[in-house]
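Every chain is named by a letter (A, B and C) in the order it is written, and numbering of its residues begins at 1.
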């Protein structure tokens, strides 16, 4: 059943031992919109991201709450993860397997969802590389990750995230490790792709500029709690929580 | 927990070897052919060897030679190698290149040849073995310390210290040495066992200590002829070497893990 | 009178393999000046040579050619040794620039000792106070401090010798927005109260615009553009950088 709310997080509580890392998180990612989650390092936003992807280390315990995707609870065994929900990670230089070519990465991702011959997979990979504005497809597919720049690797990661035609993309600080010009390019790319492909994106960042550039809705996370949740204009123009105001004042 | 026990045992062994001459039950050098190959008894806790000497006393005195020499070797070579590593790290140009080539050549040099050369000069005995091993260990360690220092010198806090005006010896003392020490301790303790074995090896082939010194390798060498009838002659020193090396490895490995 | 004149600094890295010489130029003809009490920023992406320039100015590396003039006197190696306490720096990764085995009080004492300045407790507490750190931190180790506290400590160490020039190499790149602004405001405050000249090295043009009165753009070892805060850049790469700034409000998308 198609609902407006693609991802619904209800009262999520995550602990390490006795320490509360996430406290009663309630979030909703609406279909076709970009939800930006902003918080400083240590606020719990990476934990939240990993909890949704069901990739929490064993020391983290989910003590309460549900993560619902299309109204079904997400678990470690859900097949949606990696196909209907894909992710773009923070440091593109570290996120790739150094001993596998880019082509190998694509094949691995494509095989998880489709059954195709190598030549079809290659064509599909080339199509998606062009979608992320990388046109030297032959050379890129044959390259190893260390031969490519951070900006290029980030685009390739986006291409890999799109290839299984996901419903939800989780972008965990996609621009943090990039320099200014690359940051701008990736933000522009994500905006273009989102409107083209009608994507739903969960965007996690510590940079208010990224939120201002991309987000439709904003959730502010501080000390493991969501302190503000509104659409982006309301958040910027009439912030309610003191921390949100602090963040807005910290703009240069 | 294990580390604590091992450290305790090692300290005990250290104390025993210090006081060995006074606590041995019998004279380790006393030959009495009427008392050959006795079984363990109250008087002779581990029995006697082929010359009627108390094995236990010999093991205790031998500890000083085996472990003591190894300790001396390690300490001297650590000192030399730190000095060499420092010089090579901080001198640019031709000196550095010479040393690096020298290291490559010398590291592939078998110590045994060196030992023979030294023995021809100084005669066989513990002294030649110690010199040869100090030489070998120094080359090996100085390379390791040099590499460690090179990677340390890339650290930002070294840069910051230089900007703050710290130079030369002060820089070494405050910023380099404290970070090299853990590596040094690990190497010292892990290799102590190796060096003991090497000393024993030299003695076994007759190049190291000479009779009647009860160095453990020497004891094994002497006892090998009676392996069939009285394996005790090689088993006891063998186990002693094994135990000490084991304890040292436990302590060394744990320290490294910390 | 300019407090620092940098003239035609070149730095090349030569790799000699048998008979072939590989020359990599890192800095090409870098020339600029710093007036007393001024704050300038050098903006460039990583790899543009800005950190090498900082190292040369701090006396950690030497230039292949060119000269620096401090207070109208050419900086030779011996002169540099004399005035070293006048040019201090803070580096990017604050944790890496603090010796993890040294206590906070020893870290602060080090520059003071090196230049025969008084290092009594009141001086240390004064330093901690200026940068907003609590006195109780004196006995702690850097690993026990937060990222923001570490950066403040690095700043305190740098100003301990009362320098005239402070060189800041990407000091806020790893920090969150709130912390970044606090550190920048601290540096501005120090500039005014201590009469420092600041040289900010950053890849973020927003930071440059916030702190500096004059901005220099660096690319591939060269200064390609120089303009004051209120002017617009001329060079296309500089304009590109300006356009790459993310909006401050959703309406400006």
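As a convention for this text, a contact is a pair of C-beta atoms (placed from the backbone, for glycine too) under 8 Å apart; a residue touches a chain by one contact, two chains touch by 3 or more.
Given the structure is predicted, the values throughout are model-derived calculations rather than measurements.
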Original post:
Of the chains present, which has its C-alpha mean closest to the combined C-alpha mean?
Top reply: C
Original post:
Most C-beta contact pairs, which chains?
Top reply: A-C
Subject >> Chain centre separation (subunit B, subunit C; CA means) in Å >> reply: 49
Subject >> Interchain centroid distance [CA atoms averaged], subunit A/subunit C, Å >> reply: 34
Original post:
What whole-number Å value describes the gap between the mean CA coordinates of subunit A and subunit B?
Top reply: 56
**OP:** Show which residues of subunit C lie in contact with subunit A when the two form their complex.
**Re:** 45-46, 147, 176-181, 184, 203-207, 209-210, 240-241, 243-253
Original post:
In their complex, what parts of subunit B are in touch with subunit C?
Top reply: 155-157, 159-166, 170, 174-175, 178-179
**OP:** Using the touch definition up top, name the residues of subunit A that touch subunit C in the complex.
**Re:** 40-41, 179-181, 183-185, 187, 191, 206-210, 212-213, 215, 232-233, 236, 246-247, 249-252
Original post:
Contact residues on subunit C for subunit B in the complex?
Top reply: 55, 58-60, 84-85, 88-89, 91-93, 96-102, 110-111, 114-115, 154, 157-158, 161
